[in-house]
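You will see subunit A twice below: alongside subunit B first, and alongside subunit C after that.
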Partner chain A sequence: MRDRLTRLLGTALVAGGLALGAGAARAETSLEFYYPVAVGGPITKIVDGMVADFEKGHPDIKVKPIYAGSYQDTITKVLTAIKGGDVPQLSVILSVDMFTLIDEDAIVPYESLVKTEADKAWLKGFYPAFMENSQTGGKTWGIPFQRSTVVMYWNKEAFKEAGLDPETPPQTWDELVAFGKKLTKKDASGNVTRWGVQIPSSGFPYWLFQALTTQNDVRLMNGDGTETHFDDPKVVEALQYWVDLSRKWQIHAPGIVEWGTTPKDFFEGKTAIMWTTTGNLTNVRKNAPFPFGVAMLPEHARRGTPTGGGNFYIFKKSTPEQKAAALTFIEWMTSPERAAQWGIETGYVAVSPAAWETPEMKAYVKDFPPAAVARDQLQYAFAELSTHDNQRVTKALNDGLQAALTGAKTPAEAMKDSQAEAKRILRAYQ
Partner chain B sequence: MAESLAPSVDRPSTRRPAGRAAAGQGGLAGWLLLLPAAVLLAAFTHYPAVATFLHSLYSTPRGSRPAHFVGLDNYQAMIQDPVFWQSLWNNAVYALGTIPAAIALALVMALWVNGRIRGRGLLRLAYFTPTVLPMIAVANIWLFFYTPDYGLIDQVGHLFGAGAHNWLGSRSTALACLMVVTVWKEAGFFMIFYLAALQQIAPVLGEAAAIEGAGRWYFFRRVTFPLLMPTTLFVLVNAVINAFRVVDHVVVMTRGGPDNATELLLFYIYEVAFKFWDTAYGATLTMVLLAILAAVALGQFLYFDKRVHYR
Partner chain C sequence: MSALVPAAEGEGAAGRLLETAGAWLLGLVWALPLVYALWTAFHPSAYSARFDLLAPLTLENFVRAWAAAPFARYFLNSFLLVTSILAVQLVLSTLAAFAFARFSFRGRDLLFALVLVQLMVMPDVLIVENYRTLRWLGLIDSVLGIGLPYMASAFAIFLLRQTFKTVPRELDEAARVEGCSYLRLLWKVYVPLARPTYVAFGLVSVSYHWNNFLWPLIVTNSVTTRPVTVGLSVFASTDQGIDWSVITAATLLSTAPLLLAFLLFQRQFVQSFMRAGIR
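So, the complex of A and B:
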């Protein structure tokens, strides 16, 4: 017994010594990098491959990619790690969590890290629509990486069957209603077998709703994230339109429509048009048993969509060497070639105009034109709803939207209540 | 061995005086034997409970702003929080709806598979299967059962001429849908306990009752059911705890929606603490949950202990 204990202790000491020796012998900077997976496909394999490529070109930097679950899991892990003291150096987290991370004093602005002219040029190279959710108070806190927008998918077979031109999607709100009426199909006993359009409203209805408000030319919050405009008449009007799709025009399923099953509804022919993220493009391309089209969302006062998705953040508790190394890594990951590769392999929108000029991307778009729809729509995009205490304010809006969609409140009442709740939450940040 | 163990296991009420006598004689040894369990209990149950209470008296620290003492402010905010009241109400409905149904169903199933029928083993296995599946998997399966139009439930409905119904997307049906999943999941688990208890009941009782001419319902009401009371108490305690403790299906199926219709207390605590990062308010809500569970457990033991026959 005693003998075994001594041996065990000896082994532990030797192992400890080895670990120390290994740490001292290499003069490289090591980084921990948390990332979430929010769309289908072999994302972890793609990330591991990109990191390996990076390390080949940068032998002095060691990156350890750690899959951290969903977006929600990732920020939970990061913030818990910060409170516990063991923090990663960089992570991909939702762009809308910027204010939360600033309020937790967790991240550093990129302006404090960029030094050379090349760095500064890189920082200016992204689509302005993506930067709206990445900058506040004149500083850049996040770098766009896996970003998306809402687009419209339509079933060409259903269009043909309803006597519509299968190559022309609805261009305006009124057209959407007119097309929807033709596309909605009922059986002999009056039950609907196919709806005209489906806009999912479970989980995060605010994101799809923001497409409607943007089309009605109204912003939901100010740039400082301290004020919301939920009770603006134009916001109420946008919600009225969404409610009317099912209540008045009866071309949209009543109640709350599940986000997760919406693509399946589309494949099953239960809805002829669906609104969902560009991130579903690869999924639809693989699984739709009929020819489909992808288009920009219809316009009202203007075209519009919110942006969505995740940004790179660098954490404050890293050493200066780690911060510099993290910047090098992020610059490499968002370089035009890499952004193009990432966009092609995942379905996310490549984040800089330069990425769309690479030969790989040009070939991809030529082969599969729907891939460019999200890019072309970017010029009409607004920042996704993001404020201080973001998730709580978002919930206030989500609750109001669901109350209106289920008929518990009128759109005006619902938005008035949401605005009052948001105002109460944001009082502390005025 | 079994003879000497049986009384101390079956009669908790007789244990206390015996324990006290032992403490008087070999106190130190007794305490030392208790130490590992006591340390674990204190570190992972008592300390967190006390710490949670203390946290609920402070504000939430954010970045450079440290926590400061706010007294009962968090509790005041809670009383004015409509979502808190809604989640409490939902949880009450949920508990009252699922617990009796799950227990009754478990008892019926246990009586059924305890009888001499063909394919008994298979039937028992079928009833127990939902228990083996993780709640996350169960919720994902039911998500598609409930899908409007082509989901299983609506497809069955179509056979009878019913139209599509948005089960999880309407305020009036969403909570009931979650309750059905819970009953389906829990009944099989409780059935196992009833089945074990039923097999402990001596067959002579049934034979004697048959000779006396007692009917099956009379026999169940006056003999079987009273003998099952210890199991019922155990199952009831577990069911109540689960009604407040298991919210995996809320996460998967509705995330508390539509408009808080399926917001259960624990799910709200999770949202407040890990989505809104308002840890102090999360602690305040946790205290309510603790108080409810303590009150229910205490009530059950005080009330039922007098009415339960331990053999």
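So, the complex of A and C:
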């Protein structure tokens, strides 16, 4: 999920370009829209195209997308701009940064902007799983836009070779272990040439770990973002399972598995099953040299995955006209037709049930059924880990997870330490 | 070495061998990422994690990297940025260092202490304050805006002052007796003698600003102002999977000017660093 690329928009609009009056009777509203990608790449072209379409239908609103780098870079840029007194009107930022943005007093809730019945209906039109990360204290702070979940990809050729039915992915934790044992292949000298399964653990292991905890039917935090439950016995059990995959069952590469190169390992047959974001769907479809399948993650106490990705936020220091224009733009970008187009072109999960009812989306799913797996899994999804001071709390969990995976600590110890650290950080918000 | 007693000579040879081996080892460790980048960039992506001497060579990665973003413009921006910063830095700090080194005036030591304090402050701490100032000046999203906060370099002032202080007073006085003005004295006597320091500082400054990422990202919004490092982040898309071949090709492209310059002027750089005492 996280980092996304892009390209900057051609011209330096800036101060001078703010179409001062221009003698026209109708005033134009200008919006600066920070979007988390670096310059270039296919995604900027899609965004530019959508903005151009929007402006055609709304001649009185000018939107200037500013491609601001990764999600981390974007929130840094936004917060710096706000403190420096130079604010964008809207931005796409990680859904989990909601509490941070609220604490900085940077954003406004959508309830303060929606007026008409149509607006209110639109606000209710999204998948509830995505809204979990967008609402707190009875208010909506973010609108889902580019959202994803974790899914399982499997190599049908490897399944056949191991004597498994290539059309049946593992359905439970136990099956994953049983299948994994058959799929793990060693050469004559005992070195593993293919692992059964790979769950990446670099960068943001908490996100994939949350798939395991959700399947074990336990939440990592409360809805107010003030409390974490890292040392819950069920959380420890989930971590024990992850550690056991490599340590006990030896069907998973030991130590930390790199997120960025996991798809490559999958293409090269170094792992038969991988867990990764739906955002990789297009990449896998283009590059896998063998037939592959996409499935929901296996269940334990229940099915489960966290959601991930970015939301639209509207910033407080804008004029009322700008806020209204920003709302119009966001409503347009998340309308069923646009959400469907966005999902088809990028691989993100279209954010509203209505988007899946559009003819384009139906045709796409018919042509490529794996696209619907993420949607069907949404009913089992929990909100991604998000608290006040989110970056530090998440780091506390990540450190614990990696300590357990590398064997530096037992799962119980690691989670106890992570919980103590998170509790210390969150004390200020109790 | 000559001061050692003869019996120690055997040990000296062994010590030298050890030193040489150590230097090679460190050199190899340092060069490894570069070697990997070279290997990966010139081969199809199927070979990015596999070593095969007979793997086919290709330039396609460079073509793809070049096409992924407007790199030509980024290179121009980076070039304008580092040259403008360096030019202003050299002029300002030469004058300031000369004043600190050769004139006595009231408050000189206090002022110099302030310059030294600036050395201790990480520029990242000042991001918000700098942003505010630049916005007030209307320089957000301009190449000048990226460079301005760095143009008065405390490091350069300090370095040049120390160098100027080592210039023999006799030279200075002889020139003055001949009727040389202060500016001419600076230009004819001090600057030529400080040449190694200028080269060394120039290298440090150029490589720092060529590689700087966070600040340029924050103050710029458009293709016409962003430097090559920001353009490079196009390839940091962990979401769609990482293609090492293109990343390494793009990295080589963006570091090539610096690497080439270093290789060409290597001898001068090394000598300058030794003389200027920066290591």
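In the analysis below, the second predicted complex is superposed on the first by the 400 of 430 C-alpha atoms of A that agree within 3 Å, B and C clash if a C-alpha of one lies under 4 Å from a C-alpha of the other, contacts with A are read in each partner's own complex, and residues count from 1 in each chain.
The rule is simple: contacts are C-beta pairs under 8 Å (C-beta built on N, C-alpha and C of every residue); 3 or more make two chains touch, one makes a residue touch a chain.
Since the structure is predicted, the reported quantities are computational estimates derived from the model, not experimental observations.
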Exercise for the section: Please indicate which partner A:G203 is in contact with in the superposed arrangement: first for subunit B, second for subunit C, both, or neither. Expected result: both
Problem - First, second, both or neither for A:N155, with subunit B first and subunit C second - result: neither
Exercise for the section: For A:S95, select first, second, both or neither according to whether it touches subunit B, subunit C, the two together, or no partner. Expected result: neither
Practice task
Applying the touch criterion given at the start, work out whether A:S70 contacts subunit B, subunit C, both or neither, answering first, second, both or neither.
Solution key: second
Practice task
For A:G85, select first, second, both or neither according to whether it touches subunit B, subunit C, the two together, or no partner.
Solution key: second
Practice task
Check the residue A:D105 against both partner chains and state whether it touches subunit B (first), subunit C (second), both, or neither.
Solution key: first
Exercise for the section: Check the residue A:T328 against both partner chains and state whether it touches subunit B (first), subunit C (second), both, or neither. Expected result: neither
Practice task
Considering only the touch criterion stated at the top, classify A:T261 as touching first (subunit B), second (subunit C), both, or neither.
Solution key: both
Practice task
Applying the touch criterion given at the start, work out whether A:T282 contacts subunit B, subunit C, both or neither, answering first, second, both or neither.
Solution key: second
Practice task
Determine where on subunit A the residues touched by subunit B overlap those touched by subunit C, and list them.
Solution key: 76, 203, 260-261, 264, 268
Completion exercise
Residue set of subunit B touching subunit A in the complex reads 62-64, 83, 143-144, 147-150, 161, 163-164, 166, 168-171, 254-255, 257-260, 271, 274-278
Completion exercise
In their shared complex, subunit A is touched by residues of subunit C numbered 48-49, 68-70, 127-128, 131-132, 135, 138, 140-142, 214, 217-218, 221-226, 230-242, 244
Completion exercise
Residue positions on subunit A within touch of subunit B in the complex are 72, 76, 79, 100, 102-106, 189-193, 201-203, 253-258, 260-261, 264-265, 268, 270, 389, 391-392, 395, 398-400, 402-403, 405-406, 408
Problem - subunit C-facing residues of subunit A, complex - result: 1-15, 37-41, 66, 68-70, 73, 76-77, 80-81, 83-86, 203, 259-261, 263-264, 268, 277, 279-280, 282-284, 287, 347
